[in-house]
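Okay, got some structures for you below.
Two complexes follow with chain A in common, the first pairing it with chain B and the second with chain C.
Coming up: the complex of A and B.
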């Protein structure tokens, strides 16, 4: 054995990032949780988002399937999410999103359901399924401008009726002449 | 009392005599003395019977959620006392729990027990205030003063512990601000021992009082289905016979180590909600008593001395040389700490994450949904006040009732407006 043969063995292998990058580009498939698996078994294609930091299961629904799947979540024997706790409006700068926090009063489990609004900020109202969405969706409309299609009484709830704009949006201007501190 | 029963009980007063009344819109509030805050109710009355009711809220909107996006988490923390000022320990717990779970900060056991004691004492103050003002709404003014006397005692305990009577700002990420002062647990124990006697006294005056029973029994019935429809939680749901108490069903802190019962009733009326709340005060006393017994490290005074001893001996042991007498460091348990992890709060940045927490506040399920993006500020903080959902049930609950029952029924929901408007 001569030195030339030994050289490749001792020299560090040139790093090639190509295969690793390819792995990073493919987002690892998030496994379905208990509820997500149940929905898949019932024939609904949904997006699994894994668990949040506390371990609550999160799923995302498209606008078209939202009402159908919500009905399943409400009435299916294994889901039984009979209580809607709150609706969080979210502004991701590119689009708006509503987050429904559900609770089952028989199995005492939580579920987080996310529904992204379209470009015109339209999203289906889940009020036919959970009546409690009434005020919560009005609040999300008031603060984020998400228009809930099918909501019977979509008005502002916290801000005055004459208010312009939706204050919790990230692009909400603070130098608006209507605001008190800008009148000075 | 519905319109039908009004006709049967007072025959000839309304439709039968041809004395039709026109609908009348009455504006109640925003500064009605009995609305416990700034609430406006636009009410359509037919005679004295409520036909329609439209709550107008937002007068106390202080943009707590927007404030959370413009301040660092530590700067934001003192302001969340004001989300719900009657039981602000709960706001802090749910907020602090969110950060702890996102950043995976350990919480020592002593801290959990201190939090449980303070929260249950806070539940008692909150229920006592409800007890006093509810009876004030019914026309009894004496219990109000009794309740405030007892609240003052608890507030003095809180002042010794946190330095503030109502706005505590006591919990920290992974711990509490300071350990218990010397002798504080003894004072709490004395209060817990004495208070049931006073509660018996109050109940002797109120619970079987014929006026209270006449005005509350059979009024404002909220069935279980009705509560689920509107997302009503807390004592109102438990008075309908559904034992949803997150302390029992989804235990947080160390509630799974405590033996207590969930107060429930089956009548689902205003009187049942009264009974559930009084029973909850007794359960809270039971929890506090067990917490004092199980408190890791015991009273704060001896523990502080022990800690000082441990620190001096540890320092001495580092300088120890051969031949000197041996130095014994006393045993120090990690459960006795008041901070799980040292954090520089001024520059603290939690990692990016998302979490939702729910706790059982005196009014129902209190929740916080927090999204962080790796900066000191939160990307989004959303509060779920139990009163918001409870209040949304009021219009349907009041339909067909007499106007004079409004304050009795509304009072029994224990709605607090700062939590509705945030």
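Coming up: the complex of A and C.
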């Protein structure tokens, strides 16, 4: 290869694609989806989060209204979310969040409900509404340390009972002196 | 059964050896019988268990080597094939099963997870980094998972190992097989008092090859197979 075959390096520098700050500040409010609008019509003030990549509607509830709205979501004639698919835990470093994935077996629609835990990692249990939350919330408690208030049997489900800490947290460090025999 | 009546009891062998009697043909017959009927335990914790089942199925047919009798209880089994990942929650159960097996007992570490921890070795919080940190291992089978042929090969290697044992050496080897951890009141595996960190990486491939210290000790004492210094010296001592 000689120097003549090199591509000339005189192409213009591409413009920065970083959006201006004013655009972020003036982001339009996310419109309510079908389920969110139904909840608003019933008198519940909720936070709409739009749709995810697959078009599933997402809403966020406060801890105080969570049980009430969950009851509506299950028993209302237009919602009928009678199936709780799974609970996901999230660690945002500042706080923890539980994500409930709901399904309706009559209309075959999905809904994602997010509930942020408080500073002491307390969050209301939705087990009175969906009994399937039992083991899922135990798993989120085991791995993320989210304490679900109202859960009748909140104990570890995956890790052993003697385990210290919650392994999927961002700040988790495995330093149990009893397990020195398994150090790398 | 009365222990003194047992032909293979330690007291009886000590009596024989102190009177100048060597049991060689008995060794051969005894090992031939033992090595051709190694009964494994039905113990599979994850995907390696599928290959273990395949090895026992007609296509690979572990019955050709006399190990078709998978026992569902540790009391009746000679061999533990740790087929699958061992987590911290499973480790106490595995240790309990190992200690419930009757001597002589052997362990085949099957799969990368039980050899070194495998792909969970770096960052996992829940996986034991090799079963040789807990129990002594005789044969290692790498692979993820290993083919049934590899398991059959490991069984043949184990049979060779059994055939090289004499009754005296077998007692010595069993004394060397020491478990260095114990269960505390929380069902947590903790190190025994006096055990150092080196003890847990002593058995296997994770440090200086296979069982180096124990082999060195045995070599210094002249106790390895093919060296008759042991019995020869004992006989000379007794003659004096």
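By our rule, the second predicted complex is superposed on the first by the 148 of 184 C-alpha atoms of A that agree within 3 Å, B and C clash if a C-alpha of one lies under 4 Å from a C-alpha of the other, contacts with A are read in each partner's own complex, and residues count from 1 in each chain.
By definition in this document, a residue touches a chain if its C-beta (ideal position, glycine included) is under 8 Å from a C-beta of that chain, and two chains touch if they have at least 3 such contacts.
Everything numeric in this text was worked out from a predicted model, so none of it was measured.
With both structures placed on the common chain, the touch criterion links A:29 to neither chain B nor chain C. By the touch criterion stated above, A:77 is placed in contact with neither chain B nor chain C.
By the document's definition of touching, of the two partners only chain C reaches A:162; chain B does not.
Of the two partners chain B and chain C, it is B that touches the larger number of chain A residues. In the superposition on chain A, chain A positions 158-160, 167 are in contact with chain B in one complex as well as with chain C in the other. Chain A makes touch with chain C in their complex at residues 158-163, 167, 172, 174, 178-184.
On the chain C side of its complex with chain A, the touching residues are 88-89, 121-122, 125-126, 128-129, 133-134, 180-181, 184, 186-191, 195, 197, 200.
Of all residues in chain B, only 57-58, 61, 63, 65-66, 69, 101-102, 104, 228-231, 233, 242, 244, 249-250, 353-358, 365, 367, 369, 371, 380, 382, 384, 388-389, 392, 421-422 touch chain A in the complex they form. Per the touch definition, chain A reaches chain B in the complex via residues 52-54, 56, 58, 82-86, 88-91, 99, 101, 103, 105, 108, 110, 112, 130-132, 134-136, 143, 157-160, 167-168.
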